[in-house]
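Each structure below appears as structure tokens.
After this come two complexes, each holding subunit A, first together with subunit B and then together with subunit C.
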Partner chain A sequence: MPQNDTLFTPKLTGCNYTTPDQRAKLTGTARYAEDFRAEGMLICKLLTSPLPHAKVKHLDISAALAMPGVRAILTADELPQPADSASDSGAMIKASPWSERALTMEPHYQGEPIVAVAATDEAAATAALEAIDITFEPLPFVIDPLDSLRPGGPNARTNGNVWLPPGKPGEQPCIGELKWTATDFETAGRERLPMGKTAAEWSYGDVVTGLSQAALVLDETFVTPNVSHQALETRSTLAWWENGKLHLTVGTQGTIQTVPAIAKWLNMSVDDIVLISEYTGGAFGGKITASVAVIIPALLAKKAQAPVMLRVSRADEQSIGRARPSLIGRMQAGFSKEGRLLGLDLFVIMDNGPYEQQGDAATAGRMGSLLYQPKAMRWRGTAVLTNTPTRGPQTAPGGLQVSAMLGPILAKAARRLNLDPLAVCRINAPEGRAPVGPPKADGSLNAATSAFVKEALDRGAETFGWQARRARPALTKGSVRRGIGVATGCFVAGTIGFDGLFVITPEGRLRLHTGIGNLGNESFSDVQRVVADAMDVPWEVCEIAWGNTAKPMPWSCVSGGSQTIHAMSRAALAASLDARQKLKEIAAKTLGGKAEDYNIGDQRVFRNDSSQAGISFAEAAGRAIKLGGVYDGHECPADVNKMTKTSVAALAGQGLVAVARDNFPRDGQTYSHVASFAEVEVDIETGMYRIVDFHAEADAGLMVHPRAFAGQLAGRSMLGIGHATMQKWFYDNQHGAPLSKRFYQTRPPTVLCFPEKFTWGSVGIPDPQTPVGARGIGEPPTGAACAAVLCALTDALGDDKFFRAPVMVDAILAASEPGTRALPGGLSANV
Partner chain B sequence: MAQTLRGKLGLTGLKIGCDRGECGACTVLIDDVPQYACSILTQSVRGKNILTIEGLARSDGGLHPLQQGVLEEQGFQCGYCAPGFLMATLGYLKTKPEPTRQELAHGVSGNLCRCQDYDKILTALMRGAEYMKKG
Partner chain C sequence: MAIIRDGMPPFDLYQPTSVEDALSLADRLGSDAWMLAGGLDSLERFKDRLKRPKAVIDLGRIDELRGVRQEGVDLVIGSMTTLTEVSLHPEIRARFALLAEAAGQVASPQIRNQGTLGGNISQDTRCWYYRDGWNCYRAGGGTCYAGESPEGQNREHAIFGVEGCAAVSPSDTAPALVALEARLVIKKAGGRREIAAEDFFIGPENDITRLNVLGPGELLTEIRLPATWAGATFYFEKVRDRPVWDFPLVNIAAAMQLSEDRIDRARFVLGAVAALPWRLPRVEAAVAGNLRNAVADSASRLAAEGAVPLAHNGYKVALARNLVKRAILGKKEA
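Coming up: the complex of A and B.
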């Protein structure tokens, strides 16, 4: 890998600046999906299931259709069959028969959409829903995954209760039935997760030997909560048809990638979809490529021949807006007397919801293998179907849960072995090209591109004053107890192979095209700073074209999984190198000599031996148009994505078109890490507690935009703290009814929940396997923060006081009773 | 009133995040007092002075000092909650022009930000408050 300073010199990259979208956000002129208006726009409302699992026995919409203002009604039988799709490499992906549909005649959770009505206003649409004549045949349902695994337990779907792996290579996972034995449950007792059969497993090393040789073996069970994404912007969508093309305004994490997703759901061509998504009001993984509900207004608009706005209420969003799945984990961990993890047996059950298999359980194993570097490890896991809302990836899916489950175990091991918890974190931390499970087909492990977690722990401990805090005498302030905690988090932080695209216009400006979603992490703009640096131009001559596929876009990653800064800074650099080469070739054709005789600087391309001999970018752009071919986009590289090719064709003739795929090498998998430190004060009389101090130290490579970086560290830490302290689902298990449908029933942290003191830092060592050196930072703070707060609470209250998150007042009060072990909620995923 | 402002008057700067007084995204000033527009009937504000985010910037397009401070600190991430936070802050500063950071946090605690970057939000709002004081 070439050193980054041979390809570009960071000048703007790494500095704060005002992003081009911030002013509109502060003046009310930023238009989110629900802010758009269209002449004759109808409003769509949804009839949703009152039951957790049922079949619609009878449906009559005639009375509703005859009501004043009602223009169209959509039912499930009018939905097109989802199309098969193809991967980037051309491999066929068969449409799954078990996928979630936009509407259904067999709802699998309370709140699932069945019928959609479009009317002239919201009141008329709501009144029409009341007039729909519908009856249901109730079916067996299950809310708690462990109930479904019991002998004779109910299945969430008529054909099974778990996701099973493919029978043969090339086949898809399928839904089947898995039950544990009564003995499995009896053996485990009340406080430990039974360990029956699982759907999948992998291992490396000899776990049995690792555990048998350990100085300390801990056998712990822990439950993490279901937590809804709760983006403040619901997934309202406006759709209209114009000249045979579908136009949609949606919130999404990936503007360009949402187009093929919608094309698949609607079984139509990507060429006939125009998608507008300039601003997305929060996503956190819940709007990766929008969601299937967006096809409802599209189909209604066609039927009513009028624009249709699906206005999703907060209550509807709680149903269809995605959530992080609860994991119930049992961990057997063996430690040497120095605190080194010799063997880890990780067994997880996931509350999957009724539809697509979520990756959290499997990813928890992968992240656990990286974050704690066990010498031997076995992972076993099962995705259990429940009649609860559809899950989706949420910031650090699986990564948060494994930190929450295993971080406190490391701290407990430290106490049992009379070691410093920081030292136990450190001795087990990944370093350099750390190995990552699961094993490959040949039994070897993958490797991280780089890891500097020990450095993050050292720097963080110094800033936080860890040792000084450990040395303090115990707090004796009445009923208040003090605790400190340290933990680490990690997650995927980069992908490769996307395209960069920009135009140098005849006015000498750089128009930077991007298909990245704009959901607030500012990656859509931040990665373009690399172009400005690589082209040696001031930021003021750059403008960004984003948020509307009518403006041509390159194939870009979705802004999820913290991949964007890594993936798209590489793509931006690739396009910049293409532009530099084209500029030099144009100069050589214009002024004589060879391309290598020229260099770039000060918005000009000039001879190496005489800076006076050269042409401006503006002149070169004009010359590119005259030359045509590859210079102005009439020819396109063969290796870019087909959607990029379409965009390049649309831009042809507008100036010098720079386009390239990221073909930079990368050896290994890209991950970022965070070390977090927390101090809490707990009042054991009231059960209330405060996070009085918090520090997050990142290992995420080169910082591209420090303010945005800090914002991700703070915001995503807070997301993790919410899991530790206050957010979960409540259910009426008897009726399968969710009780937490609104913010006040499962409240995200407010400004008053933020730690009283918050600091952050970054190791800042560039990743050697990517030319810009940057890795993503959005995901890993969540797990580190959640685990650090849990560790601090345990430090204050003592071991074995709780075994589920969040830790709320009831758990603190129960934990404070001498000799008790907190059991509120037991092992149920929901309480 | 939130529906009236957004649907009938086209003032879509205020957002409807929860429909009923839980998130503060629809905060406007009614006679200088911050209120959730989703929880107020339009007919109840006849004759009152309503200020939405659209009315905050100067008529020449220049930003209000509060907006300027927030802009310079890159105060918000997705920005969906920003108009509500700004209006809540403006209302609070009318009663307490020189708040401490903690006081301001209490002043805007009726507003949710799901991006939860509250550290930067408070820093930005405090900068805006400072600019307002300087005029």
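Coming up: the complex of A and C.
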């Protein structure tokens, strides 16, 4: 049991409440980045590349600059060189020569920004873009990663086509060239992913023996889609300079952490940046520290000496708004006759886009090792560069893909072995301190802090009525076929080591400072419920300061990777313990005795032996100001982040300042899990299908805010369902051009696409390795939902029908024709 | 100079309150003017800078273009009547449920609230090459990127009547109007003509640059539904990838006059398989005088006769056959 659990008794934590941003959102008074206005504001528009890969041969902006209303034009050569940076431990991180820049003279995908114009209005800016005289020298390009790996295949960048691992420890990954042989392709045939050389690999156990001892070995190839993030709020940004400081309104997943990111891009001091981001209209990982495009209006504002709004249209967002990379996976999986996964050989090719190496391929291996607990496993993978939009981590990056690739394999194994798919999920499910690959340097595996997936499967199966549904006779109602599917998903669900910060004011109120981004999942507020419980105060005396770095903020995690509830509830508790100790010390100094003679309750600190003897929080805050030092923030703990120290200095003297770093112990890596169940009805004459019932059962520790928890389960399940059913890119490979750019072409799921019945539950067993017991829930529903629907479709129509997600009308119709396995487009994700 | 496809150019906005004023404006402004109905097609094209009218005539304030009324034996629907109104109107639902059903299947509730019947049948194709500004036949260029390019992406394109251009009509209501033998009233300054819905739509063999006969200065004012098919047996089905807010991959509108289970007369029209609503006269002839169950299989095989699928849209052949069979049998799940 956690050592501090006696200091935290959930009362408000775990209950629904009205979050502090809700009224503004419902009444429309919430201001997102593009809602801000500034006197004399200019509008910025982007000239983007019409080609997938080219060099700008000629650029003349003079005619555009002379047009009415045009105030400034920014080109790539005016961008500052990105600065090197330092990690929290002080290690130098060299600026990458391969990284994406805000503007470029060598665009690597159609839609990449080249020039930015600031003008008095949008029409003038757009007209000026049209007046720019620009010509290009086309360069070789590639859209499909397998085309690039072919002998003599094109490279997406002039110096290579893949990311290669560091040559030696301490170095950074680099871009190089990797080609497979013609024999690699011939050996694989048309339906299987060739298995040529890869850039990276790891293994544990003896995979060859695991496969050889298996009662059943499956060799499957599966393609997951490229999917644009498509957050509803585009990444518009307003920038202005005031007294030498840069002010920005942006959407971001991490308010405080975006400041150093911008400082790095602009090569300037964090002290000269004020960032405003009270509301962010959705983000799935693509706004973790906003994005590099925010420096465009910043530089233009300086140049034009006027505020500049970069108005990112939906078309721009489709280009620069990040996308999930497609993975092409080949999985050789060996099962015992009981369905246990004895050996897994996972081989993945990732469509990386042209810039920073994405983690999806590697994370797929890690999540696969956790989720299915193979007794022996090998992972091999390569990030292949393509001339397509920049990728970014999207909800469960790699986790979704591995569930989509491996979930249906478990179901197929169950059918081949005459087992219940639920039983095969269960026998392979992680349990307790489950091992996780890749292996450490000494060959041992990491361990999860806890896993209760079997419990989630059991509870979910009961709620869903799995066995009763399974026992039904096959549906033979005309052209409708029915199928059920069960699958699991997992993802990282917590980090550690961030700072908590709040002030008990002389009025006796608690002002809770946070640097978490507010992107709609409410975690910026939910974690503060821990403070209220730990301080034993009603929620009404708490107020949250968020969304503006002019209000001091502690070093907080970004609201990404499902880490916030875990990381910041710990930080909140750490700060609360600091506050409690300071209150007791102040009481002892005021009323006599020792700190341990006092306790906290009812907004007072009082003697253990006489509750009448005490002082109110308000009085204690006043005393803290008089005492100064650590009590009112004039002194700060040495172990908090330097940005927290700056914030504490700014708050000094305002009351009792509670500040602490999360130093609670944790043994293991933190993951959450979901078990999902789906029933589909497929009309084999039209290819359309309905998800008639869906259940998601979470294993994410203690629920901090049930309504937000349910929203995450539902919303992220829908994201996974979108990947299974309709959401993807279409590309013209010959011209290197994206064809699906609009919502009606990329088909993100809408609220009207919800399953006809949706239920959810939570195992609710607190994680023993974190004092609050809570883990994140944002990401694991995605893979579980995607895989459950894919399993249900296969259950309805039979094995060996689908090799690519999403499964759309044409795929269903092809699957419904006896003996056909249509492969138009080969293993491309974009057809 | 740079090619920009994102940002609506300025235009003069006119908001007449009568048809007469609208036509007068259209006559005066000539080819510089653009008639704007619900705007769901037009505004996208403006924003893409592919249509750059100097003047836009917004029809939204003309009351006489809205609503449903009985005129003699015809049920008359104003062209600016919204799709929601069409789908919910009791008279349309009672007598011409085919159209109500089709209108109710368009896109999403929000779009149906804004989109109009006239706009829905007059909209341009959604071919992703053409809409993205590629210089294809339809845009005045020299190829069809979807149909003629070796790596063309054409899963949503035509299987019938591909005369150069492989684009399809994206309308859900157009096949219904053709099936119902609707007549369309088109006015221009000093003139009025009334044509069969079937003649309103044109394929690439007639004019590869447009999908209907509307010319400069012309305004579609009324959709007239004759009593011919009132109360008949109808069937509408739309196949799409996303259950809401999606264009049809294929749709079918069928009207049948039955004596018990015998089909006396019928019209079958497929949508999204050609540049215009695609009537199936051979199917219609095959079913006439036959029992539904007896003729469904054989007649459905005629549905795809003449189809020439492209690399990625062969599934539409099966769909055409299956939808015709379902329409004949009158069952959503055959």
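Brief remarks follow.
Rule of thumb we're sticking to: the second predicted complex is superposed on the first by the 824 of 831 C-alpha atoms of A that agree within 3 Å, B and C clash if a C-alpha of one lies under 4 Å from a C-alpha of the other, contacts with A are read in each partner's own complex, and residues count from 1 in each chain.
Here is the rule we use: a contact is a pair of C-beta atoms (placed from the backbone, for glycine too) under 8 Å apart; a residue touches a chain by one contact, two chains touch by 3 or more.
Predicted, not measured: the structure shown is a model, and the values here were computed from it.
Looking at the shared chain after the overlay, A:131 reaches subunit C, while subunit B stays out of its contact range. Contacts of A:21 after superposition: subunit B is touched, whereas subunit C is not reached.
Once chain A of one complex is fitted onto chain A of the other, the partner contacts of A:313 extend to both subunit B and subunit C. When the two structures are aligned on the shared chain, A:32 is found in touch with subunit B, with no touch to subunit C. Looking at the shared chain after the overlay, A:532 reaches neither subunit B nor subunit C. In the superposition on chain A, contact of A:714 is made with subunit B only, not with subunit C. When both complexes are overlaid on chain A, the residue A:752 reaches subunit B and subunit C alike.
Judged by the touch definition given at the top, the superposed model places A:744 against both subunit B and subunit C.
Of the residues of subunit A, those at positions 122, 313, 315, 742-744, 749-750, 752 touch subunit B in one of the two structures and subunit C in the other. Against subunit A, the residues of subunit B that register as touching in their complex are 3, 6, 10-20, 22-23, 25, 52-54, 56-57, 63, 67, 70-83, 86, 105-106, 108-109, 111-122.
Across the interface of their complex, subunit B is touched by residues 16, 18-19, 21-32, 34-35, 37, 122, 230-234, 279-284, 313-315, 519-522, 707-708, 710-711, 714-716, 718-719, 722, 742-744, 748-752, 754, 758 of subunit A.
Within the complex formed with subunit A, the residues of subunit C that make contact are 1-10, 44, 49, 107-109, 126, 128-129, 132, 145, 149-153, 155, 237, 239-247, 249, 311-313, 315, 318-319, 322-323, 325-326, 331, 333-334.
Interface residues of subunit A facing subunit C in the complex, by the touch rule stated above, are 45, 47, 50, 122-123, 125-127, 129-134, 313, 315-316, 477-480, 683, 685-688, 690, 725-726, 730-735, 737, 739-745, 747, 749-750, 752-753, 808-810, 813-814, 817, 824-825, 831.
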